[in-house]
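Take a look at the structures below.
Here come two complexes built around chain A, the first alongside chain B, the second alongside chain C.
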Partner chain A sequence: MKFFRKNRGAAQSRFPMLITLLTLIFLYTPLVMVVIASFNASKYGGSWVGFSLIWYEKLFHHDVIWNALLNTMIIAFFSTFFSTVLGTLAALYLYRSKSKFKSVYSTLIYTPLIVPDILMGISLLMLFVLVISVCGGWVNSILGINMHLGFTTIIIAHITFCLSYVTMVVLARLQEFDHSLIEAAQDLGASNLYIFFKVTLPIIMPGIIAGALFAFTLSIDDFVITFFVKGAGDTTLPIYIQSAMRRGTPAVINALSVIFLVLTFVFVFGTQKLLSRKKS
Partner chain B sequence: MKLFRNCGNFFLGLPAFVWLLIFYALPAIVIFFIVFKPVDSNGGIGEGWTLQAVCELKDPSYPAIMWRTFWQGIVSTFVCIAISIPICYQLARISNVKIKNFFLLLIVVPFWTNFLIRIYAWKVFLHPDGALKHLLVWMGVIPQSTMLLYNQWAVLAVMIYTYIPFAVLPIYSVAEKFDFSLLDAAKDLGASSFYAFRKVFLPGISKGVLTAVMVVLIPAFGAYLIPDLVGGKDSHLVGDMIARRVFTDRNLPHASALSAVLMIAVFLPLVAFIWFRKIFGTKSPDDAKLQLKQQDTKQRLGSSLLFTSDTNVSQNQQKGEEANE
Partner chain C sequence: MEILRFENITKKYGQNTVLEDVSFSINAGEVFSLLGPSGCGKTTLLRICGGFEPCDSGRVILDGVDITDQPPNERAVRTVFQNYALFPHMTVWDNVAFGLKATGVDPKTINEEVPKYLELVQLSGFENRKPGQLSGGQRQRVAIARALINKPKVLLLDEPLAALDLKLRQRMLIELDTLHDNVGITFIFVTHDQQEAMSISDHIAVLKSGKIKQIGTPTELYEAPKSSFVAAFIGDTNFFEGTVTNLDGDYCDLQIEDFPLLHLYNDKNVKEGALVHISIRPEKFSVYATKPEKTNPKTNLLFGKVEEVIYLGAHTRYWIRVQDWRISVIKQHYGYALDERSIKWGDFVWLSFEADNAYMLDQYLEDDEELLALPDLD
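After this line comes the complex of A and B, so read on.
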């Protein structure tokens, strides 16, 4: 217990530590239950029938899930790309700008972070429905494109909510770096463009990569907004999981959840290791 | 030359601005517009104008649902913050960086885990034939007939579960910078531990707590999946009513009317929050210093989501500002 006491001799209450440990138990018990249930041979969960790997085996031969995964990846790829570009540009603007307009701009960038998913989902749905009902007819007759809810609308929605996160992460990185480097480059006569590509960009690259990873994870995870703006029959992985949950709780989902959990752990610990190595 | 650079800057910001204007601000306006439209026979939006959707808000079941959304949001925010403060106090006091980061990571991992899977974990956990149920029945706490799932308590538990990391992160990012020798000073002057905690530590982290209230309360008001998946007939919230109107009834104007109500409910605390921060910001020189350190709470929240320890951010930031001058 020695390392928990920072200050000389001051007796510290055990109460905060107790709360911390209880909270961790609270956070992890349900997750541990899923891991146990995934090895249960019983079809509908509940009581223990026997150890089995059958659900993992079924998962690997589940075409619908693989197809949903493919869709999820396609959507995540496009939305990550566009949101990273837009978000990085916005971060550069916010970093440099000193105008009054900046506060309006940052409100527009930051409020999407806390607005409930459902509001973003339904308002985008309304926009799309309205645009399709107003313009759908003549777009079809002139350009021959049939406007409908589908991958395009999902990707647009994902770009919209990922953008703010990318900006936030890149901006944090920009504010972290030593501005005198740019001044030094200017004093040495480098052009603005040269400074951007040779000084600014390499420095903020970790921030851009972190932002892109963030966007990618958010896109893969999103259910609510996708559910609102998707067309009939579009299935991403979260959409599939939700529909399976509503139909009952098929045991394959246990196995899928465990794989998700393992990947999350690897991902979070991996990025942590990567970032701490870069810092030292 | 300067004018040119400002113009260039403007064009940097333009794409994201236009994007958010079209796909974030405009849709919010469209909602208020569709409220006054009639329903189409095949689930779309009809021609002309009507007040029907507004009148439909008088549905007798709605006051109860709105009240439940309100109190569950408040209670889950309160519980999350009450739990997070001692956790952050504890985490900030751990001097071993490795152990500190490990604890922080344990709290962040559920945040990164797919939301649906976390809810699913609760369905397994509270399963009528699951371990917890058997345990509670065996202990005689509840009779065999009690359903743990599909009621408002399950909804509340899962909401608290989901939002704890949201509350911990902003509070921690402030608590980490708190100067704990102040607590010792208070104790040397004769304050009890709890008194020092209440009068010195709590005011010191008030900014983080305020942000935490924001990032828990607002999403909690809009909770949709949780009541949808672990709630029952008596535990609807505004969020899942909106979804029901869209997907079950295909009544978009009615859904818009409900969303407009939710939007206003979300907007009010948001404005209050910005106003509060302005007031807090210019209270005393110490506070101003603290504010300089924190710059923008939301940016800080973001960086702390990713870089679990970002102690050097604000220092460098200050350095940068000094260099600018």
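After this line comes the complex of A and C, so read on.
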């Protein structure tokens, strides 16, 4: 029992460690349950029937789920891309700006982090509906595009909340950035564009990648906002899972959850590795 | 030949005047130091020269060309930053090559030039290291090589030794001096450390509160300070205040309150009855345990009591009370110091100094006395 051995000389209370362990148990028990259930041959859980990989096999042949996953990935890809680019630019501005409104800007950019999802969802839906009803007609007649709720609105909505995270993460990285590096590069005769691509960008890249991973993770498991702004028939994975759960608890969802869990862990670990990577 | 000239530079941050009507010029090929306490404006002046800071009025002329409004990347000056500002994601090679790559020099020239400059700063073999894997001294050499590779007309060094420990600082100072001899580029050296400035510079400008107090060679500044600030900031000194009496050709007497009458060289041609302040460096005094023979009538002889003795290896420092004044004296150890330490705390001693060794100040401010290393003995 290495955990309980006293190894730091003076007596230390074990209470904090105990609380930490309990917290971890509290956090991870449900997840462990899902993992166990995914290997249970029983269709509705409840009792252990036997170890089986049948749900993983079923999942593999489940076209609706694969389609939902593809949708999720498309949406995640676009919203990650745009929110990373926009968020990085916003962070660069906030870092450089000497404007007296700087703090107002950053507050406004951070606000979506604390606005409840449901409020975001409703307000975005109202906006989209308004825009479509006002502009839909002439956009259709001029550009031939039929505006409706769908992938585009989901992607826009995802960009909105991912943007805040990207900005926050990149700005944190920029705050450690030594401004004299820019001056040194200018001093050595480099143009602003050259400095951006050869100095600034490489140095803040870990922050940008971390921000992108953050955005990607947020996008693939968003349910509430997606639920409001999606069009009829658009199914992302969380949306599919929710509707499947209403129709009972198909065990195939458990298998899917485990895969999701693993992917999320990989992303979160990747993000943290990048964020904690020491500047050399 | 003049390479750089500052004309009436003024810089304000809000209400705070950082530089006030600063004008001077720097000769090509010399090491010129900007010396002053923190907040005197020396770094701001350097940043104006590098183009990182605009000045409110005045011009900067480099080699006959007005560069005041040029951005940093168009000026033929390079800066070695205080924290070196090496690019952490690049190797030593890429750091040094940066200035060439950024200005579109062809790869063949880059491959020829970079090893040359790495050799110049003795960093051959370190090409593939990252700055994080270098020591402080090595980082500084990278910063210098990186700045020199573009062959600037002037190299600006902003407190380049401040981040190094004492021994390394002394070694880098000699290396910098050697490097300067090898490349022949004008160095402008910003420092708050008078010893650094003294040991490396051809000329030093002493700044205080945004104004130039004096410009001169290290010897001029040390031996002939114009103001109490320069006298006290560079080295250590003793200040006296007195009235001039008994003019006698080039010499005069100085009547100091509660102090013996002094004979002085009247180099400022001061009139009789004038109130003057003089500075006498501690090492100009000789200390004797017994009354010495007075060979020259202009020699001043004082009698006092030792109040403090600080043994410093190469020399010993004494504070000696002469009537109402306390005098700082430095005695070099020519012989075996264990014998010379015969002068002890509480001893009565004789001090002598030549009339030529006191210097009259043009400007005296009582505040400057705080710069002196006076112990609180009272």
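The rule is short, and it goes like this: the second predicted complex is superposed on the first by the 253 of 280 C-alpha atoms of A that agree within 3 Å, B and C clash if a C-alpha of one lies under 4 Å from a C-alpha of the other, contacts with A are read in each partner's own complex, and residues count from 1 in each chain.
Convention: contacts are C-beta pairs under 8 Å (C-beta built on N, C-alpha and C of every residue); 3 or more make two chains touch, one makes a residue touch a chain.
Because the structure is predicted, anything quoted here is derived from the model rather than measured.
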item: Clash or fit (per the criteria above) of chain B with chain C on chain A; value: fit
item: Chain B versus chain C as contact partner of A:150, first or second or both or neither; value: neither
item: Which superposed partner A:203 touches (first chain B, second chain C, both, neither); value: second
item: First, second, both or neither for A:136, with chain B first and chain C second; value: neither
item: Touching partner for A:253 - first (chain B), second (chain C), both, neither; value: first
item: Touched partner set for A:92, first chain B, second chain C, both or neither; value: first
item: Touching partner for A:114 - first (chain B), second (chain C), both, neither; value: first
item: Vertex chain A angle, Cα centres of chain C and chain B, expressed to the nearest 10 degrees; value: 80
item: Chain A residues touched - chain C or chain B, whichever exceeds; value: B
item: Partner chain in contact with A:177 - chain B first, chain C second, else both or neither; value: first
item: Touched partner set for A:189, first chain B, second chain C, both or neither; value: second
item: Chain C versus chain B - closest C-alpha approach in the superposed model, Å; value: 8
item: Shared chain A surface residues [contacts with chain B and with chain C]; value: 178, 180, 183
item: Residues of chain A touching chain B in the complex; value: 3-7, 10-13, 15-17, 19-20, 23-24, 26-31, 33-34, 37, 45-47, 85-87, 89-90, 92-94, 96-97, 99, 105-106, 108-120, 122-127, 129-130, 133, 156-157, 159-160, 163, 165, 167-169, 171-172, 175-180, 183, 192, 210, 214, 217, 220-221, 223-224, 227-228, 238, 241-242, 245-246, 249, 253-254, 257, 260-261, 264-265, 267-269, 271-272, 275-276
item: List of chain A residues in touch with chain C within their complex; value: 178, 180-181, 183-191, 194, 198-199, 202-203, 279-280
item: Residue ranges of chain C in contact with chain A within the complex; value: 50-52, 71-74, 77-79, 81, 83, 85-89, 98-99, 102-103, 130-133, 146-147, 150
item: Chain A-facing residues of chain B, complex; value: 5-6, 8-10, 12-13, 15-17, 19-21, 23-28, 30-31, 33-34, 44-45, 83, 86-87, 89-91, 93-96, 99, 101, 103, 105-110, 112-125, 127-131, 161, 164, 180-181, 183-184, 187, 193, 214-215, 218-219, 221-225, 229, 239, 242-243, 246, 252, 255-256, 259, 262-263, 266, 270, 295-296, 298-300, 302-303, 305-308, 310, 312-313, 316-317, 319-320, 323-324
